[in-house]
Amino acid sequence: MSLRVTVWGENVHERENELVRSIYPKGMHQCIADALNEDTGIEARTATLDQPEHGLSEAALESTDVLTWWGHKAHAKVSDEVVARVQQRVLQGMGLIVLHSGHYSKIFKRLMGTSCSLTWREAGERERLWVCNPGHPIARGIDRFIELEEEEMYGEPFGVPPPEEQVFISWFQGGEVFRSGNCYRRGNGKIFYFRPGHEAYPTYHQAPIQQVLRNAVHWAKPDGLWIDTCPNVPVEQAREKIVQRGGSVHEPGAEGFR
Amino acid sequence: MSLRVTVWGENVHERENELVRSIYPKGMHQCIADALNEDTGIEARTATLDQPEHGLSEAALESTDVLTWWGHKAHAKVSDEVVARVQQRVLQGMGLIVLHSGHYSKIFKRLMGTSCSLTWREAGERERLWVCNPGHPIARGIDRFIELEEEEMYGEPFGVPPPEEQVFISWFQGGEVFRSGNCYRRGNGKIFYFRPGHEAYPTYHQAPIQQVLRNAVHWAKPDGLWIDTCPNVPVEQAREKIVQRGGSVHEPGAEGFR
Amino acid sequence: MSLRVTVWGENVHERENELVRSIYPKGMHQCIADALNEDTGIEARTATLDQPEHGLSEAALESTDVLTWWGHKAHAKVSDEVVARVQQRVLQGMGLIVLHSGHYSKIFKRLMGTSCSLTWREAGERERLWVCNPGHPIARGIDRFIELEEEEMYGEPFGVPPPEEQVFISWFQGGEVFRSGNCYRRGNGKIFYFRPGHEAYPTYHQAPIQQVLRNAVHWAKPDGLWIDTCPNVPVEQAREKIVQRGGSVHEPGAEGFR
Amino acid sequence: MSLRVTVWGENVHERENELVRSIYPKGMHQCIADALNEDTGIEARTATLDQPEHGLSEAALESTDVLTWWGHKAHAKVSDEVVARVQQRVLQGMGLIVLHSGHYSKIFKRLMGTSCSLTWREAGERERLWVCNPGHPIARGIDRFIELEEEEMYGEPFGVPPPEEQVFISWFQGGEVFRSGNCYRRGNGKIFYFRPGHEAYPTYHQAPIQQVLRNAVHWAKPDGLWIDTCPNVPVEQAREKIVQRGGSVHEPGAEGFR
């Protein structure tokens, strides 16, 4: 009955960069999965880029209620086939939580349809995430804000569609702002983008960040899956009696062009 | 000072199917362009699939304020490179009007991020498009509804993000409904999806349909282009004085990973 | 642990009109409450216009998770004080389900900010509510549509803000369409407008309608209440150190103008 | 052919408070009107609280394309009748620009349906308004941000419905953020909320603020007025032939209950 979460991690910086490895010796994905597993209602496992099918086979996705996604320098190495599969699963109902530099991941850009671009600065500056709606389930337990002493700056304009719910907006010490917690629904799936999490800082070790991740998993869980079959409705099955009229391009019973 | 419109047509049915050719002897694209050119504020030209780069070269898009798109059986033949170019131009500010079976075009699915699927029936049945907001500029001159005696049916569920403005909803004789006039903004571009226009019926010869197309072009015109550069903001250029702290993954002056 | 639902009914037609009384001998509100109470996770009670404070005292609202509202000919008799109280409770997190002719209730117009007007016809015609997203929790168990053999027609334009989620759109035998299942969030409260339910027909006795009502109650339940205090933040409590500058209009510690 | 703008000002602080009078000797409304009149396509006049019907008679509104609203300490003195009139006019198509402390005005709260509350601090601190979409017509000429050296702070949570377009977000020196430029459509009217403008500082004398006001007037101009009559559609006028069935509550030709 637990929520089945797959924590996807690129797992490149952790292997190639000593600083990142020192912060996340087991990888960022493992740190995130451990934080989620503190919630007895969540069962989190991990998947990484270097696994076959990036650990995201059909079977893996079929047993995933919510997928979290962290990637940065290897976005281009994610296979288009896996991205298409994840997109289809989100449209059917799987929740998706996109983290930090995942704003430029193939899956996020594909689901948003926009550039997903932003301005940025890596200076270890203070970030303060303000809650725009303290009653929102993703903000449960956070009260009014989260402070992170060292983070990368992401600044507006953020090239995304207008969020359907704005949970957080960030203030940065160097003078910028950013829409940091954004909710979307696409098909039957819920999508949450959460800004913090630069690999050079211990962000995913922070208790309030871990709390938001757990909250977001619960918010994004499927209400039930629905598979879109796009059926042809034959004339004789129309709910109101009609007769065929006029010309025709499709053969009777044809599936239509896609 | 006129709005420069490119009317894109797949132009396959018109050449391969006698019925369609009899309705649109010069092609559907030419019929649409002629209708737009009745407005002295619009200068419409056409482009088709079989032209080099489908008639949508960089130069062609740079001199296009609004692009209209009709395709059906040859969606798959549109090159991914041209689709990416059109998407980028929309995000910069070019308007896009997607017509009828264009719901399954690569460009529409890419900008929506969803399946764009629907149910359908080709039976020459009556369609009535109701205006959800008679004050909307796209509905100017239409009053309360448009009736089409013969059309293909498209039915809900329509697999798109919630429209930002709902201009039309269709009633079908056989018993279905459909969100038929849907407004979106993506980046700086405005997108309008307009349902009617099955190739087996003379829909684009109807005066109210032509009126809506002209209205939509005016609605979708760019407010000005803006090109998203996603800049790095160096520490010394931060608006508030900060000093570099903590670890670092990016080289100074690096462009960031995409 | 059950959801506490208050079913509010105007209870005027049922007392004054023999036809309505014959369909709903215990009142429409009791019929709705009975349908909700078939769900063991719901505990529904009723409240009516003629009770003190219309049955909606502070205490009653404090023990209500979701309120359903049916009114028609006596909208003007609902006290403004009670309406303000209900509005405040919705903004704090209480769910609200507005039924049929409740589109013109004071509480719905106040929460929407618009005219909430529509076209209409009372002819006992067939209505078919199409599901726009079969994966939506409010549509659970409904599959693709609900048919009602006799209903009042409501037609577009419906004078409401664009729904955040469109669950149902209605088809009417006489030729109109209507946005029939509309989701909104206002403050921390979720609002669902559900069209069917004219008092001259046995709509609330229909199983699929009862199913939608139960689904909607679960969807609209509070994620937690949050009371908005709009605090002044004194200079010395600012998260970043600042000093008072410039002129001042407010006395120190003042509450601000409302 | 010019846009007719009515600049509404409470005009209380300017008369009662020496500091405010020194900044705005002719009143804030006159300063704003002068700024708008620098645009030859705009014809701005003023109206104030102390005039008959607050200067907002039926005739005045009928000759107004866009209304701007600044109020603060005298919100409660605005008559409900005038507020209802303004609301109706907005729903018909008149643009409305709500300024700063106007967030608590009767007209804004009525059109939003929410608390419109926020946190605040009057400390003359630095505000930087970031442009979330540099291609938006309201941001024309602003590039990436506006800096105001002394302003009052408004902080999240801002108790409004999710903005349909987010034009500006503010950064404050003391550590807060705020959604500062918010677009809504209600009925046929466009509404823009613009945060800056505390009476203790010379905000409306700043060139970029004046530019935004002019831009916003052009954005908010009516596409045409439409008056919602909410008609009954008699059975014999239904577009599809139907016959009266079932019971009836309304008399033939009745107007319906409101």
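So that you can tell them apart, the chains are marked A, B, C and D in the order they are listed, and the count of residues begins at 1 in each.
Following the convention adopted for this analysis, contacts are C-beta pairs under 8 Å (C-beta built on N, C-alpha and C of every residue); 3 or more make two chains touch, one makes a residue touch a chain.
Predicted model, so just to flag it, every value in this text is computed and none were measured.
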Number of steps on the shortest touching-chain route linking subunit A and subunit D: 1
Most remote chain, CA-based centroid, reference being subunit A: D
Interface numbering overlap (same over half, different under half) for subunit B and subunit C: same
Subunit A-subunit B separation of Cα centroids, rounded to whole Å: 27
Centre distance in Å when subunit B and subunit C are each reduced to the mean of their C-alpha atoms: 35
Mean-CA-position distance for subunit D and subunit B (Å): 31
Contacts with two or more other chains, residues of subunit B listed in rising order: 128, 133-134, 155, 157, 162, 164-165, 175-176, 185, 187, 239
Residues of subunit A that touch subunit D when the two form their complex: 128, 130-134, 155-158, 162-166, 169-172, 175-177, 179
Contacting residues of subunit B [partner subunit A, same complex]: 13, 17, 19-20, 23, 72-73, 75-76, 87-88, 91, 101, 104, 110-115, 117-125, 150, 153, 155, 157, 159, 161-162, 164, 173-176, 184-187, 198-201, 228-235, 238-240, 242-250, 256-258
Footprint of subunit B on subunit D - complex, ascending: 92-93, 128, 133-137, 140, 145, 147, 164-165, 185, 187-188, 222-226, 239
